[in-house]
Amino acid sequence: MLKVNHLKAYIDSIDGIVKAVDDLTFSIGKGETIGIVGESGSGKSILAQSLIQLNPSPPVFYPQGEIQFEGRDLLKLSEKELCNIRGNEISMIFQDPLSSLNPIFKIGRQLVEAVRAHHRMTRRQAEVKALSLLKDVGISQPERCMKSYPHELSGGMRQRVMIAIALSGHPKLLIADEPTTALDVTIQAQILELLTRLQSKYGTSIIIITHDLGVVARLADRILVMYSGKIVEEGTAEDIFYRTSMPYTWSLLRAIPSLKLTLNDRLVSIPGQPPDLASPPQGCNFYPRCPFASPKCREAEPVLKEIGKGHRAACILDEETFESRKKELEKKESGGSMISNGQGSVTS
Amino acid sequence: MGKDLLQVKDLKVYFSKKSGFLKKKQDEIRAVDKVTLSLKAGETLGIVGESGCGKSTLARTIMGLEKPTSGTVLFEGQDIFSLNRKQMHQLRRDIQMVFQDPFSSLNPRMKVGDIIAAPLKAYGYPNKGIRKKVSELMDLVGIKPEYYDRLPHEFSGGQCQRIGIARAIALKPKLIVCDEPVSALDVSIQAQIINLLKDLQKEFHLTYLFISHDLSVVKNIANRVAVIYLGKVVEFAENESFFNQPFHPYTHMLLSAIPLPDPRAEKARNRIAIKNDFPVNAGSASRGCVFYSRCPIAQDYCREHVPEFVNITADHRAACFYPVKNNSVVGEAPSDPRTSVK
Amino acid sequence: MIILVASVTSSVWLPHSPTLIEPDQRLQGLSLQHWFGTDNFGRDVFARTIAAAKVSFFIGASVALIATVMGTLVGLLSGYFKKIDFLVMRLIDGMMAFPALLLALALVAAIGGNITNIIIALTFAFFPQMARVIRSAVLKVKQIQFVEAAKTTGTGSGTILFFYILPNVVSPIIVQGTFTFAKAILAEAALSFLGLGISPTIPTWGNMLQEAQNYITIAPWLCIFPGLAIVTTVLSLNILGDGLRDAFDPHSRMKRSGAQRLSNKTKRETINSIGGRTV
């Protein structure tokens, strides 16, 4: 349905050209959920905004690539055509629902307007539709909610309203950019449940962008791991979590504080900081932080290569070496505790 | 474990909010409602709760930034609210804080070296030694001392948090209040900061009050854990007993809501269906159990009666009439209220 | 800037004295000898315009400086200390209830019109606004966590005020300061024009305009050039203020903030576009 081919989105900044999205290729089918995982600054939000051309350009520009959506290249459409696609066919929800809603209008008015923008109906009809949408997203008192201002609702309620607005045009694709990051865990669980339920009801495809591997473990059929503007690993949820083939994904998985650990266990951290996208390191971007780095990694950028069916990873290590290195490292760590530091210099 | 360094007794912090123009009626927001906690020297107390539950207000009150409505906070046996300005100034030396937002807690117009030096200057550290001392501190938290003259915006979030930590430990305080120190950071950086905090604790015998919304982080750092819901402590226990056998249904709900980075376990999991939203106007319901509206095992009895905060086992306290005994809240019909309460 | 430089160095290079009366050269049009023509006393308009700039700048700069210092102090104190805030702000409100120019007019009328008095009057007219702006900026900065962080590290109020808050309200101070500069020049011109300014013997733009109004039909250059001088000065001061604000903002030098601001803006636009409204 949506196909992204060799997409590049660069930002022209004072520090030079930032390669926020660098040569990305992926596709999403009908009813599928794709998770895009990455740390802040990995370019995942720029990617999301590029998909429906929300990035103001300049400074963002697209030197290469295409975004095929049902036979049309979104990069080539006019602003007016894009407007028709946004909301009607591709919708988006954001991290912060408070700043996404207009604070001076009641929820009802904003929702009714959204409904009427996508369907030819009277105000009365739109109100009925709005109420049913609110019920759909699990708001128990939709009438009261319609009469509230955004600040009167809790974060979870606001995000539900945003989802209702996003769904008002029955989009084929929903892009969720960190939809639960600002919410508490219990609310997050509710929202994620809601997304799954709505997906099975409407058959919407979902692209969920997050930094939380736990969130995609629950929702996503396929996962893309991004690091400094590039896909470093791609595969099904099973591939990523159980057949991890890229040191970054592996380190990221290990860094999550798990309930399995006890007080005396030491968390495994990834040393150093994510690279500056304006001046990325030579060769592999993850090279300076990689536990398995060798001088060879510095010579050339690793390419995404097929490991299994639909499972791709960008690392020069082959599977066997990678497995044995992992074991080696784990053995070494259980011996002595590692010293944590942010700069790579040794602390006392 | 030593003696109690910090004792919080029946602490209440209420905010009054005028509702409407010209209306006399005042809504009371019970941000912290009768909280009793104690913290031993050298240990870490984790405080867990959702946003708006009053955990930050609790931290601010302990720091003396907020005035309590009633109750006391004893630091080394001294009531911090009975102190005069000078004594308070001396006390501040011993209690320091690490904030959630690494960027806004550093003055954007000051060099990072000066930021770390600020507490030293405030307590009359000799001018000559400051630069050396700051360099030591920077080295300790893993920031290169060469970066002394840089401004905060040149650093990443994790590095800014390290600078904030360096500032907090500059005076060798006894207690550090950490208000969500890692929740604004990426996962890979989170682990670095937690490890750093643990290392520093070991080295300087620090005591932490560690506030977080993330139970998995707390499990890794806190010796004892308190769960707060709507300003009230609902469960309080040693780390091990807390995670082995949580009693309060709210704790179960929190645990079950954490997404696991493991698709198979995630699918196999029996999740507690979470009812309702977090109540917005906290404190208006004065009758019954605070958790009643969201509790998966709530009974009629809970609506009318407020559960006492009692010892369920030694060292493990919870405020619930029907403490969960078999680690599963889902689909369990609790026994008859009358028989189990009496 | 050109006007400033020209006026400061004027006495060295001006071909005509600004006060020299040449009765035979009255009301002459533009010529090579008198670039901007001459006035009803035969004085060179160009020379007078430049000389007036000196006076205007002196008044403007003094007013801006004094009002800024006073306003900043008052704003800082009342923004930071809740106790005095109410009292000070009601006083300021009282002063602001009068239009600035009217207040200055009344003051000048009461104490008489020489340069010092005009500066005093204009300062009093403009500093309440300044204090207001600074106070609101202080209130905003006070909310940011680093102020609280400083408190918890035992830093004293004075240090917090001058080393933590003051540097972070520099940009509104600069902007407001340059605007006050511009406004003071305008106000001085207005006062002189109304005849309540500096004595007519000293050339100021306001004085020149006032004298010119009688001859506006026969010698339009008399009012065009001083008027033009006022417009360009005020305009360039305002632009200068904007430029200075950008230069003093650490965020404009920040790497990521641009992208962040960018994304905030786009979010709103998206919502609009999802809502179907064309942006």
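Should a chain be cited, it is by its letter among A, B and C, assigned in written order, with residues numbered from 1 in that chain.
As a convention for this text, contacts are C-beta pairs under 8 Å (C-beta built on N, C-alpha and C of every residue); 3 or more make two chains touch, one makes a residue touch a chain.
Just so you know, these numbers come straight off a predicted model, no measurement behind them.
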Maximum centroid distance from subunit B, chain identifier (CA atoms): C
Two chains sharing the most C-beta contacts: A-B
Centre-of-Cα separation between subunit C and subunit A, whole angstrom: 49
Distance between chain centroids, defined by C-alpha means - subunit A, subunit B (Å): 29
Shared-contact residues (touching 2 or more other chains) in subunit C: 255
For subunit B, residues that touch 2 or more chains besides their own: none
Subunit B to subunit A touching residues, read off their complex: 50-51, 139-144, 156-159, 162, 186-192, 194-196, 198-199, 213-217, 219-223, 239-240, 243, 253-264, 266, 271, 274, 276-278, 280
Contact set on subunit C toward subunit B in their complex: 144-146, 148-156, 159, 163-164, 167-168, 250-251, 253-255, 257
Subunit B partner contacts - residues on subunit A that touch it in the complex: 39-40, 140, 152-157, 184-190, 192, 211-215, 217-218, 237-238, 241-242, 251-253, 255-259, 261-263, 265-271, 273-274, 338-343, 345, 347-348
In the complex with subunit C, residue positions of subunit B that touch it: 63, 65, 89, 92-93, 95-97, 99, 101, 104-110, 118-119, 121-123, 151, 153, 164, 167-168, 170-171
